[in-house]
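Every chain is named by a letter (A, B, C, D, E, F, G and H) in the order it is written, and numbering of its residues begins at 1.
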């Protein structure tokens, strides 16, 4: 386990430059709890190492501060995803379907979609196909079946994933959202609903964790790549 | 409010002989917490008054004790519903669809169905039509649309009601069940799921409360009867 | 199931123009999570199709933005309901009683009442009749008994629905509200109280969900209409 | 604070022989978690000191073991209260009304009632007067108004206390019970309901804690006695 | 029950002018959820009827609006209690001890104290006597023992009531507060702690409900008055 | 969607014979809530159709009843998995690592492992490698890295998945177990821990849901197969 | 990190023979979830290695099975602790006070005490000194102050630790127990109470985790030993 | 117990000037819930008595108000700790390791570190060594092993403490933080995770309670000092 030289200690954080090689994915930063100065220092360190980076839950203020110090930044205000590009961004052959129950789930879905795209796979978006108007979902189910992995993003009762998992043969990643009110209890309702799904072939990430779903989807489609290399 | 003479005090309970006239429904007894002797005394009092009675959550032991003292009892071991019949049982024109997500929800569904039948309406049963195998539900949706009221009984993620409510125009009563394990937390998961439904036209009763759903369904179909009388 | 042509995809949402025909009710929009631009686009699409629309939880800002683009909008600041009218608004013969435990429950009650009125039924309002001052409720119980359906809106201990359900023969829809503090836990207390009611003939919708209660009430009174058509 | 000599250490417990003088009430023992041998040793120590004792939540087995070693024991199987009498049992002039919502709440109510009687006050019992059949309560409200203190015992939605507190001027002690199922969550529902009561003049003890309500009621009626002595 | 003429319907509220006679206490208003206009109208109605009124949780803005329309208002910014006085304010002989665990509990304690004083009893204040520095409490326990009723206000672990209830013979009303952070969960920790007290003679009101504790204390000390009248 | 002829209605259940073709996996049955007679009928139907079946959470009694009517049954008492074999069982090239934190997690892990084996993939077992003795895990991490998918089964604090997800590049499926006591709250603690993992590339299934993890793992490794077919 | 050779894999468990050297404490086994055969195999392996072992939560059946195969076993039925002794058991100079709120907390306290004794320190027991009878605690506080570490074991409201931590200068380990009922919610009430203590110098272990408290106390008193060695 | 003269009553608080002598630690103040005037008065009283003081959770505004009235104040904006120094600040020989899982946990960790330093011990900081990148922790474990006590501060899944406790022989104090989102539920997830740790030798303080961890660590290292004095 000789990787220790690859970790760079910058005081408030320990950057892991080897993670990319070890897990096959690029560098990522979780912005909350970091000052704008800390975030900029971290991004500059990755840039200096020639690595692209994905920052999630980035505020407008954090973005603007970084943008004054670094080029090739792309910020999406809906999902609050900040991408720092470099040459030779990765490309994968995989195809991920990102579905939402409603319009209000789009910010979380976009976090998932942009994470997938950062890691080089292709995203198909199916928004506002919640189960209360089932025909909207049935209209596009043949298309969703073409995906290697399906990400189902839903708040309120969170039933979208269960219905999709029963209709497709791909693995389904369910993302509960905090969209809702009252007895939603901040997303607890769809979270429990998804965990208790009677559909097979589905698993769940944290409430509003589009990023986590995106990373996991990319790990899934890389199984085939690794097999090919063996 | 001169009804007070209609309440008969038998010490451990106060029987309300006027409830039938006031709410338009027959007498009902909730068996848990009552000794077999207490239950038998209550049923004998209703029999003496010439009234039928529905007992829910009745144990085999309570039933057998009562059966030695009273005739015309019918006990269903699956739903634990005990019906004490009399002449001139009520009849209604209404038609209630009782659906379940899975086989394990049947005891609760039967409690609802037998409650409805006790009050004189007709029940159509659609069992094991949960959303994880959507085709099972779609196969019978045209038939379900004929119902005046739909009762959707489901545990686990509890999505059945949401999907049905989006497909029919009748009011839907969702009954969460304690079927499930782990993060179901005794039925909390389907309860929250149903309360947060993005489908319109649905409401929820307590976990495993088939009886309550049945009574409510009958109140709904009696709206038309009352209107006709006016 | 040839309805799919009736769904119009506008990118961030899939509008279901057939819902009205299918469920017998008008178009509705849930405003939270939608930008003011998105909401206006949706309303314009319904207007173009000649359909009225009910928007719930609309902010003042969303309303004002839409009002610059569309006429015949009516906004109620208490309930935050926005109604977009058209010619030939529906009319029903039903009569719904909307009751509240206290003054602070009125916004939720008004959401229910205006939803009912949008769909064409008549509303009688009984506000501030909570059970801690029982005489207030008893004074108007004879009047409430005339209603086809009762909507009982209450926060704090949420006992209003139980008491009413024991006094009337109509179905009762209980709406817990987030009015309260401390161990109310955002409306959890009245929600649990209502779900555990020992009164029969009552069901529950989500905390503060006046809209859902209103839609459900209208579905109930339409049972009679549908029966008449058969 | 020279009371320390009054505490007797018997290894697994420290008996407080001064408590009676200090709080004006007799000795009490909580049986769960004590072996039958430990319980008997404790009772023998109180008997040796010439003191009566009230044991709550006593099992049949604990009672029978003690009964072989001590006389003047009275055991009530419904409430599981065991009273060890002595000469000169206390008498008070106070009058406590103990009410229950249903029949299944009687064991808890009897624990309260027998605690009150052990301390020498008078109990009036009003059982099965729950709010879902309001007339049952209204029939006896004039009588309840004669009480110095009211104990309201109820499970399910737990609304009994709120309604009573609005009808009488005495202080009301609400006792939630674990009677119920599903979303009752072991008595959480009536507990929260009672804590959130919009009625004034009521407080709450632990779920099923009839004993605590009884002790508190006796402390209340002793305020007058103490004032008289001053 | 001929009291109904004493209820005055002002649309958004139903004022109960008979409550004073019925429960022996003055008029009270809960300010949250009422507009400043609504609150002023209510106070003016009570003033017109010659009655004093206690308003709790009043905002500075609500107070100032009312103060422009009514005289004899006294507002306490710490507890947010607004008292509208009149001639012949009630006087009682009772003595209530109001204790707090810490300084941050004082706003809730003052709500209790000012409620008690409004109803005419005397308050002794013992602030910052929490159990983590036991000597502070022991220093004043002899004084607290003189009280007819003790109100124990505490957040964090909420142990104050248990310790006091074991030291005095008066009834103890425990008021959990939302003072704390983390696993306090908004006051849930002291609430549960107080409900589970192993001390006898204590009961609990809602989190931060100083008002409720004050009303209850006054009901307790009026037991003696009522007895004297019989 | 012409699949409806493939669903066979046997009254208490609707068997979906097409599921295998549609999702690429064999037939599965969840035993709880089914009588032994119902289970045997279901298995006989699958046998008659020439299909293998996996039954989970099967009791000894259900197994023995079925074994008297069907041959080629294999029952594992630790995981309570019952496999009904047939000719031509599927085979896959994938390799799944199943890890547990402790010995008590083995029943859930075996449910996962036997599900994977039923669907034809290979399982490597790494039991008792919890994070409190990190060296046990580090000793076998090189071996775990060979897996296509890792299933991490852990109760108590549930940290196993997070640590593994940071060490391997395969997707990780975390299975919380109800192993633990006290503040585990039936598995809530590891469930929340896993959902909040700061490690990327992991998702979670229901508490004790080894079966769900196994199915999902198989869906993941079939991505490559499906790609190859395209 | 060359310790890996010290881990012995016995299939269902990986025994860590180096733990003793690494953490300075003896071998321990958590019995639940292990068959009696598995437990005996583990104990035999430690015996073969010449090491003593402490087994917690051992059933009578597990103990008797092991006792037929191994000598020098001591089983305490109250705490369910099984000690397997060997020559040269460790001895420490430290002194640990183990206090309980009530008699029912003794099993958990004994688990802590016997763990401490197994590791070689001395225990002083102070049982039934709960805060509701404060004098019992004050009587022995001078003695408790002599301890190096205090373990405070309490259920119900769990206030014992807070009071002690304010009276002594030693670190206090609070152990909540599941003793209680109703709103104790299995020990949640004392757990939250202890976590929110306003007393300084206290920390908390899991509900009923006497063992964990004992191990931690021994780690604390070994700080001095290690310092002496430096 | 003649300490009572050492408590000074300043109305809204009772200052305990003897605490320092009794517990061996300096004066501390919890700022929330105190006005800036109250805080300044308290600090002035300690200054007048010649004592240093540590104020936690101090706002910038409280600090600035105090700084205009007192000198020798040091405020750390990250941890919100305010130290009022005096001559002869204490010094201890102990060494405390303060570790964090991530960068966002630093404010809580600094509260712990500065508390330790205020009481005179030495702190070694190890920030951003969370278990998802295990190598970062393994790189510094030899150094952490030199500490007398380890404080492990972590949000999200909170596994840091468990892993460290298995690697060192010092006692470990785990501090859950509210860092996280969704199913973290304000720090509940790491709190439960830490309480359920399968690692021995660890205990837990309240969410975000760095101060409590610091005080406890100092109590631990003072065991040796007190032993030396005996």
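Going forward, a residue touches a chain if its C-beta (ideal position, glycine included) is under 8 Å from a C-beta of that chain, and two chains touch if they have at least 3 such contacts.
In this text, all values refer to a predicted model and were calculated from it rather than measured experimentally.
Chemist: Taking each chain's centre as the mean of its CA atoms, which one is farthest from the centre of subunit F?
Modeler: It is E.
Chemist: Taking all residue numbers at the subunit F/subunit H interface, are over half used by both copies (same) or under half (different)?
Modeler: At the contact between subunit F and subunit H, which are copies of one sequence, the residues are largely the same (over half shared).
Chemist: Averaging over Cα atoms per chain, report the distance between subunit B and subunit D in Å.
Modeler: Once rounded, the distance between the two centres reads 36 Å.
Chemist: Please report how many Å separate the Cα centroid of subunit C from that of subunit D, as a whole number.
Modeler: One centre to the other, that is 45 Å.
Chemist: How many angstrom between the C-alpha centroids of subunit E and subunit D?
Modeler: Each chain reduced to its C-alpha mean, subunit D and subunit E end up 25 Å apart.
Chemist: Calculate how many whole Å lie between the centre of subunit A and the centre of subunit E, each centre taken as the average of the chain's C-alpha atoms.
Modeler: Going by mean C-alpha positions, subunit A sits 51 Å from subunit E.
Chemist: Among the residues of subunit D, pick out those that touch two or more other chains and give their numbers.
Modeler: 1, 102, 133, 138, 167, 182-185, 188, 191, 195-196, 198, 200, 206-207
Chemist: Go ahead and list every pair of chains that touch.
Modeler: Per the contact definition above, the touching pairs are A-B, A-C, A-F, A-H, B-C, B-D, B-F, C-D, C-E, D-E, D-G, E-G, E-H, F-G, F-H, G-H.
Chemist: In the complex, go through subunit C and note every residue touching subunit D.
Modeler: Listed in rising order, the residues are 101-102, 130-134, 155-159, 162-163, 165-167, 180, 182-185, 188-190, 192-200.
Chemist: Along subunit H, where are the residues that touch subunit A in the complex?
Modeler: 102-106, 127-129, 133, 135-136, 138-139, 179, 181-185
Chemist: Which of the residues in subunit G come into contact with subunit H in the complex?
Modeler: So the residues of subunit G touching subunit H come out as 1, 22-25, 28, 30, 93-94, 138, 148-149, 167-171, 173, 191, 195-196, 200-207, 211-213, 215-216, 219-224, 226-227.
Chemist: Over in the complex, which subunit A residues touch subunit H? Could you list them?
Modeler: Residue list for subunit A touching subunit H: 1, 3-4, 7, 11-14, 16, 18-19, 30, 32-34, 38, 176, 178, 186-188, 191, 206-209.
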